[in-house]
Every structure is written in C-alpha cells, then in structure tokens.
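Structure provided below as structure tokens; questions to follow.
Each chain carries a letter (A, B and C) given by its place in the written order, and its residues are counted from 1.
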C-alpha cells in the first residue's frame, strides 16, 4: 500500500525475470556501485601516501650529477612542480578515463606497463587457486569422513602446510626438483604463446609453492564445514527417508559445506596476489612483483598507481565472483 | 561460541602448553640474545664459509663464515617483534572498533562496514611497498601499516561475537536490571569476544611473520649485515648449489615459530569445539541445551550414592538380555503386527564401560495402528525411535533386542540392515520442519531424490509424483511449493513438505518425532488432522513420539509411557489416560494445567528425571513417587499385566487401578 | 477499565515497528496500537501464537525495544522513551524472567554473582546483598551452596528458579514473565508455575505473563489478553476467555488446544472441523481491516476494510470484532 513508485517498478521488473537472474543482476549492480567509491578512496590514499615519500623521482631519473635548471625543467615537464591539489584533481580526472599517466621512466602508459605483467601473475594465482581448491576440498572431505586417525593426519598435514613460508618452500622445491633431480626448470617464464609445454613446466613449481598453504587452509575449512554439515538435523531426516549415503555426503553435505569454503577461497586468492609478488622473485617470473618492487624503489608513481588500480579491480572482481557463487549456493542470501 | 571458560580448558591441553613453551623459548632467546648466542653474529670468518653443522658452529656458517645459530637468535628479535607489533596494532584497533560497533550498532555499523570493505580490498603488498618506499627500510612502519590492514579482520570478528553476545538473553537481563554499560561490556560481552580473538591472533601472527620474512627476503627489510630470518633464507637461496643445508635451519626456524602459533590457535579452537560436542548429551529431544545441563548436573550434583549404584545398572542389562533371549526363544519368528520390538537396549560408552540409556523396551504396532510413545526429556523415547530407524547416533549402539518389521527381522545392532526399509517402508518426520529440510535444495529436488534413486523413477515421473504428494499433504499451490526453498515456507507448510518427503515411497509405517512441538496451536491441530487423514487414505501405521498427552489423546490408539529409559506403562490410549496404572502417568496427567483449577496450585511431581548413570535399583521413579514403599527398591520391577492388553511397571499396579 | 488511577502499569496505543533488513523492504509492524493496564498485585496473561507480537510487547515494557508510538506509564511515570538513568530507577520495581533459562544466565558467572547484579545496579551494600541472596536462594527452593556454582551445573528447572530469584532480588512490584515455562518438561513446568504463584501471593507482586498456551495462562492469570498480529483481539477474565471465548480468533485458538482426554478430544475435534475456516497456514494479507479477516469463519464485507476497535462486549470483557461492535 505504501510502497514507493520506484520500488513498485522494480518489483514489476523482477517479476518478469527468473528469480536467480534477478538476484545475481542486483548483486552485480550493487557491487559495481560500491566499487567506484572504493577504488576512488584507495587511489586517493595511495596518491597522497606516495607524494609523502622522501626522495625525488627527478633525481632518480637524471642521476645526481645534473644541474638545478635541468631538474626543474624535467620536474615541470612531468607536472611535479604544480600544487599538490591541482595534481590530484588532474589525477582523478584521468582516473575517470581509466588512465593514471605515463611511466616516469619508460614514457609508456603506466597501465600498459602493468598489463604486460599481469598474465604471469594471474596465471600463477589462478593456477595455485585451482590446485588448492581441488586438493583442499578432496583432502577436507576425506578427513571429515574418517574422523579418527586418517582425519587427524590430514589435519596435521594441513596445519604444517600452512606453516611453511612460500618463498622458502619455493627454494626447497628448486633444490629438490631442479638442482637435485633436475626434473623441472629452476626459474624463468615461458609464455604459453611460445610453447605450451614449456609454459606448463615453468609454472609447476611456482604454482605448487603458492598453492600449498592455501590448500592446507581449504582442507581444514572443508573438514570443519563438512563435519558440521553432517551433524545437522536435515541429514538425519534425509537418511531416515531413504536418501543414499553417497548423496548425503556429496550432494547435501558438500553443497552446504561449500558455503563457508567459498568465502575462504576468495580471501585466499586475494592473499595470493600479495604472496605472488614474493614467489615471483624466487622463480624470476616476469609478473607484477618485480615491477612493483622496482617502481617502488624508483618512485615511479604512475606505475605504482596503476598497480594499485589493477590489483584493486582484481580484488573487487574476485569478491563479485565469490558473491555470485555464494548466492547460488545459499538461496537464503537475499540482498540487503 | 568460544567462551572464556572453554578457552581456559583448551589452554590446559598438552599441545597448547607445548606450543606456548616453544614460543616462550624463542622470545626469551631473542631477549637474552646477547648472553645466549654462542658467537658474535657479525663475526666473519672467510676461511670457513658455508660449512655444515659442526661442534664449533652447531648450525653451520653462512656465506661470510658467520655463525648461523647466533644470527638466527639475533634475527628472532626483529622477526618476533615485527609479528607482535603487527598483531598488537591489529587487535587493539580492530577489537576496540569492532566491540564498540557491535555494542552500539546503528549507523556506526554502516561506517565500519565501509571501512572494513576498504581495508580488505586494499592490495596489501602495494601498501607495504609504498610504506617501505616512504619510510625507507623501516620494518616497524610496514608492520604497523599491516596491522592497520589486518585490523579489519579483527573488526569483523569481534563485531560478530559482540552481536552474538549482545543477543544473549543474559545481556537483555543485565540491561533490564539497570547495570551500567561499562559493566555489561566488561562482564558480559568482552569475555565472549576474547576467545575467538585469541584464536585468530595466533593464526594471523604466523601470517604477519611470513610477510615480514618475505619482505626481508626480497631485500626490503633491515639493511645487511643486520641478521633477519628472511634475508638469511635469501642468502641460503643464493647458495643453494653450494650448500643446500643452509636452507634447513633458516627456513626451519620460521616453520617452527609459525607452526607453534598455528597449532596453538588450532588446539584452542579444537578444545572449544570438542567441549561443545562432549557436553552434548547422548539423547536427542526438544531442547538440546537443556539436556546438556542435566548431563553435567548429574555428575556434579548427584550424591556418591549414584556412583555406588552404577555397578548394579551395569549388571542389570545382562539379566534383561537373558530374559529376552528366553522370551524370544518362546515366540520365534515374526508376530502378528506390522512392527514388533522386544527387549530393546541402547547404550552409550561412559567412563566405566557401556552404559544403557534405554532398557528392555518392547511394543507392537498393528497394521493401520497408531502408537504414541510419550515421556519427558530423558525418558529415552527419542533414542527408542531412532533405534527403530537404525539411526542411533554414534557412539551409541543397540546392545540388545529384536525388531521384526513387516515379516522380516531387522538386526538392530547393525544399522545397515535398516537401509532396505528406510524411506521405502518406513518414513520419518522430524520435529522441527525448518531444520529438517536441506536449506540449499528446492523442495521439489529434495522430494524427488528418494523416488529417483530408491524408486528408480524417471525425473519427469518423479516430478509428477512430487506435485501429487504436495497436493496430498494440502499445499495450496504444489507447483510453486516445489520450486521454493525451505526458508520461503512457513513452519506449518514446511512440516507438510517434510511429511510429503516421508510419504514419497509409500511407506507402511510413518515414524514422527514430536511432529507438532515446534508449531503454533492452530497449525498443530491442522497437522494432526492431516496425519489422521493420511493414515486412513494410505492405510499406514504410525508411531508418534511426543511429550504432550494432548497429541496422544488426539492421534494415537495405543500408548507407551516411558520414564528414565524404560517402558512404565502401555495400553490403549483411552484406558491409560482415563485410569493410569502407574503413579508417574497419573502424576503427569494431574499436573497438566488443563485439568487443574484456575489460580489454584498445580499438583506436582517433585524432583526431576534421573540420568542414566544415576538410576536407582528397583523402580526408577521411586524417589519422586508419593506412594513408594520399601518394596519398590528391591530388584528390577517387571512389567506387570494389568488387564488383558495393559501392562505397567509398578509393584502397586493392582491397587492403583482399583482405587 | 476505569481504574486507571490505580494502574501499576499502563500501556496506551503501543506500536512497535521494526525496520526490516534491506533498505527497500517494508518495515514490519510487530505491535499495532496495543493498550492494557495492570493493577497492583494483578496478573495479566498475554496469549498469542508465534509472530503475534506478544514477546515484543513484553520487551517494549522492559525497554529492550523502542516503541514507535504510544505511551507506557509505570507507577505513574512515563517510561516510553526512558533513558539509561531512568531505566535504572525503574529497575528497582520492574524485573523479568525470560523463556530460555540457558541463554538468560551468563555461563561464565557464578550464581552468587548473577543474583548480585540487580543489587549492584541498585547500589545495595555488600552485606545487605549477601544476606538477601541467601534468602532468595532459600525462597526459590535451591540448596544454600548454589551461590558458588555455575549455571551449567543446574538443570532447566533449577535454572529457571535461579532466574526467578534474580527477578525477586530487587523486591519489584511487577515481574514480566516471557514464556517462563515453555521450554520445560511437564512435571518441571508445574513446579515452576507453582513457585511463581507462591511468590506472587507472598510478595503481592503484579505479573505480566506471556504464553502461547491458554490453559497455562488461565491457571496463572486473573485476566487474559489474546493478541494476533500485533493487536489485542480480546481481553477479559482468564477463566472466561478459556472457557467461553467471544472473538472468533480466541474461539479458534481455544478449539485448537488439545486436551489429554481422548473422548473429549474427539468431540472437540469434531466441533472444530465444523467451523468453516481457511487453513491456518494462510498468511494474512495486508489489509486495512481486521488482521484476522482472511481466516475468520464469520467474516463480513466490512471486516476487510474497517479495522475493529476494542469495545465492551460484556461487563468485564472487551473484544475487537465487528460482531460485537454492532451489539453495543
């Protein structure tokens, strides 16, 4: 009776679409709307943080032997002599067009520089995620079904796996598989456009290195979630009414258990983006990691800003995917 | 919820103690490095670089011939301090903000949501690199920044537990009684928040240590020659071809530290989860929490006399078993009814062996008959019902008894022997419809499943049958109901769906566990009507487990009254309710407010149901019975025949019925 | 109901509206214009099904939910939007027993501390408090050493005794009992009901007794109010509402109650099926009229659009139904 016109229109619109589509559509719209201020806030934060840094990029570029006027000229050229607020407004203006300026060193667009490096990092993080999801869920389900000795063995292995620093694990794997047995390349990246086989071989160790810890935590979460799902009331009702054990475990319990596991996988993926920076160093992969470290030490602001922008976009995208999967798994999720 | 109490229990576990010892040793070694370290960590010896372990250098030497052990001990100072600093910042910021946001709720919550969203979406590594660029190689600044970002995690966590604690009725009570907000926060809320925070902090300490070591590893930590764990791993990596051993102690120390803190958190968490599971009683019925208390109180409050008697209860089942073996020997083979149970005993492991919780239960359900099993919590009615389905919850098991169903014998001690009848010949309706349906599948999908797999129907046929069933149980719009999820239905509707699930394969027996307890009065009446009409239409038999004599009177034709794990009275409902033969049944009926005089006192049975460990010898009701005689304590009381089809377990049966 | 001057608690046109989760959803009206009063020493029962708003009424009186409209007077002072300080004063005379004796006692505190808290809030000195707690424990029939124990060491019935002792600690004039026995077994339920009746008579307390069951309320209360979807449908003497209800909803509620007498129950069942009715599951549609309209066997066209107000039907009973509105 009292519903506002837009609410009524919205409801009518939704009635003409299947329920799931509406949910997902609304979810996406909401997420994108929220992402805009989020990206703005993070970019602003890093903009001012970077400007606070001691050390002058101009000195970095020209070296410390140039004369005063030369410095000033370059500073003017790069727009670094204008008031901070003006620089900021310009920056935001560019950002609205998806640009963050040119790299101070290569004079290429900073976003292009970053985009060049994304494939290696993303294939590393995605590969590690796939490994941790497949391995972790399988181990977790197994551990949940065998509560006693086997189950706790998996549990202990998972905790140990989580306690191994990835950069060290990478070195140990290199030591064993590359140095000792010489089965796999120690480092280097072969783009898959060059050789699919070479690419796969070059990714094995980095992916295992990055994925192992996440696999441990996925296994533990899966085990806990499976045990609590199997303990729920409806399991008994279904069993009592003739649903087979296999379906109880792999259909009902697993789908319920997948709900918290999905959230964890999203969190782990985001964490892997950070760990990847370090793992890339171990295997000398040309990902965003090296770029990030170099641009940080060179004060190449535009490239750092572009890195922040891309990583934030990836984080937002992952969160959207997690939300979509989540709402598919859990029909109770209605948008707030 | 991880309460403070349960956490302290976890702290006493050997594993937790061991972890704390490891971490404590590391901290002490770091603090006392000057006196403990065997060598000067900066003392180079280029004649002895990259040596393996030796008497002079227990863990070998590094690329400049420095003692690795000493460098690790000095390195611990930086690494442990960095981890602690980060966690301290995160906990202080996050917990304060989270608790306040949870306690004061309202608009503040929205603000906190936005801030946590922001912090969680920020690319951690980029911020750290920026901070390191801004402040130079200053790990403390980076760790404070990391702490700020991790505080989002503690904010969510502590806000969640604050909200949970805040919704507890004892917080409402504290508010009603006018306690100050400070006291409510400190006494009632914060203790509930600390548990989860400590568990999480111990995990995130490891994560912070990883990041610190990682940054040092890529050369952004303290400048050489200052020893850090991360830079030592990096050096070991460079020497991987020459001295692989170097990797072992440098990584090992990180693994050891992080493992100790992870295991510590895990042990605490485990202790709290186990604590909850252990406290969970072996019996299943209305209020799980209720029994949780009774079980504990039995061990804590009961007098030593209870212990003295436990021997006797342990011996008793054997006797019962013998007697039943004899009985079974007499009347071999299935009896006339659809279901026949005799000498059923269910036991759970206890400190002193298998302890029976249900003993010597026997009854029959004729074709198209309906039996009501009635009793209070702790009577064993639910366990008896689960035994009928072969679903006695682990670690319990059926330790004696025979079950004949529809002309075949089911071995109650072997749950798998029930697989053939569950669903197809026996259907089950649980107490709470909302939790007895799988929340993530549609009603249609759940109903169709047994038909497709057990009934081997095609998916189309199953769907058609689902709609028929939903119509049969009185759902107004079967098509819409099939497409909805359980949470979209009202309680009464969900119970109709649960009934449809039980009827899927046209069972001959429907077992219902308190099927209307969770429902409103008017809905309850409708559901009972539905049961009755379904029973007629499908000519089924029914077993209804209930605590409510009203349900018994309404829907059953014979009654089985249970008390403290045994049958105390059985017979036709009309007779049992109009002239109870056992003082317990009579007392319960009298204390029903329906029959009492308004504003007068209700006649009561004093005391409460004894727990399995505390059953007295003889009549288990004797302590609460107004007409008990010394005779009642002598040996086990058999079920006595009252009239041709009524039996009661009471030495004064005949008197009771006469009066 | 003209003895308003003497009323201990007076509630006028109380409404509680909850903003539902989600900005675009309609707020939920849990309580819709409820009025009642309780005299000193009187017990008023409030009966309703789940979602009827009966507990929300109790929580509003206790200051745990904020009323959106209406007025509440306790001992003559307006407590509708009482702040923390005023609530603390009110707490000296108003206390509570909740339904769930598990969640209502903090598991981490000893019984002694739990019982001391209301006294601490009232700044009672230590010695007086200790003495008082000892007496309370005895009053509710618990062993004296209980004060050193923790809630988990007690059964449901015993915990409810502790909750009652806590409610008595400040010597209140009114206790709000929110379904105090619904979670208990039948034999324990009777013990607790008797205990409540005893303390009420001994201390001359007034009570607001919320329940979902007419028979228990009849046993405890002097008067009963039947609520449905946030509104009072009928209020009058407990015995009359139990035995001879007037409002069609009270009739339905009473007819649906089960009695432990098979012959009588069979008759009642027959009588109930004689009432023409739509299934109880049907959720009431939004309406400007009577909330019970869609389920009412005696509905008239007027019922859908015009909301009936409480009117005198007999000397002591008021009913919100057009059937009775016309008679007067």
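Convention: a residue touches a chain if its C-beta (ideal position, glycine included) is under 8 Å from a C-beta of that chain, and two chains touch if they have at least 3 such contacts.
Given the structure is predicted, the values throughout are model-derived calculations rather than measurements.
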### Task
Averaging each chain's C-alpha atoms to get its centre, pick out the one most distant from chain A.
C
### Query
Quick one: most central chain, C-alpha centroids?
B
#### Entry: chain A and chain B: spacing of chain centres that average the CA atoms, whole Å
34
## Note on the structure
So, in whole Å, the Cα centroid of chain A is separated from that of chain C by 53
### Query
Using the touch rule from the top of the page, what residues of chain B touch 2 or more other chains?
none
### Query
Among the residues of chain C, which are close enough to touch at least two other chains?
none
### Query
When you check chain A against every other chain, which residues touch at least two of them?
none
### Summary
Within their complex, chain C touches chain B through residues 49-50, 59, 62-64, 84, 87-92, 94-96, 98-100, 102-109, 117-118, 120-122, 149, 151-159, 163, 166, 170, 183, 185-191, 193-194, 197, 212-213, 215-216, 218-220, 222, 238-239, 242, 252-253, 255-265, 269, 272-273, 279-283
### Message
So in the complex, the part of chain B that touches chain C is made up of which residues?
### Response
3-5, 168-170, 172-181, 183, 187-188, 191, 279, 287, 289-290, 292-294, 296-297, 300-301, 376-377, 474, 476, 490-493, 496, 520-526, 528-529, 547-554, 573-574, 577-578, 587-589, 591-596, 598-606, 608-609
### Query
Once bound in the complex, which stretches of chain B touch chain A?
117-118, 120-127, 129-134, 136, 206, 210-211, 213-215, 217-218, 220, 230, 233, 236-237, 240-241, 244, 247, 250-251, 254-255, 258-259, 262-263, 266, 389, 391, 422-424, 426-430, 432, 435-441, 446, 449-450, 453-454, 485, 487, 498, 501-502, 504-505, 511
### Message
Which residues of chain A touch chain B once you look at their complex with the stated criterion?
### Response
34, 38, 41-42, 45-46, 49-50, 52-55, 159-160, 162-169, 171-172, 174-175, 179-180, 232-234, 236-244, 247, 251-252, 255-256, 259, 270-271, 273-275, 277-278, 281-282, 292-293, 296-297, 299, 304, 307-308, 311-312, 315-316, 319, 329-332
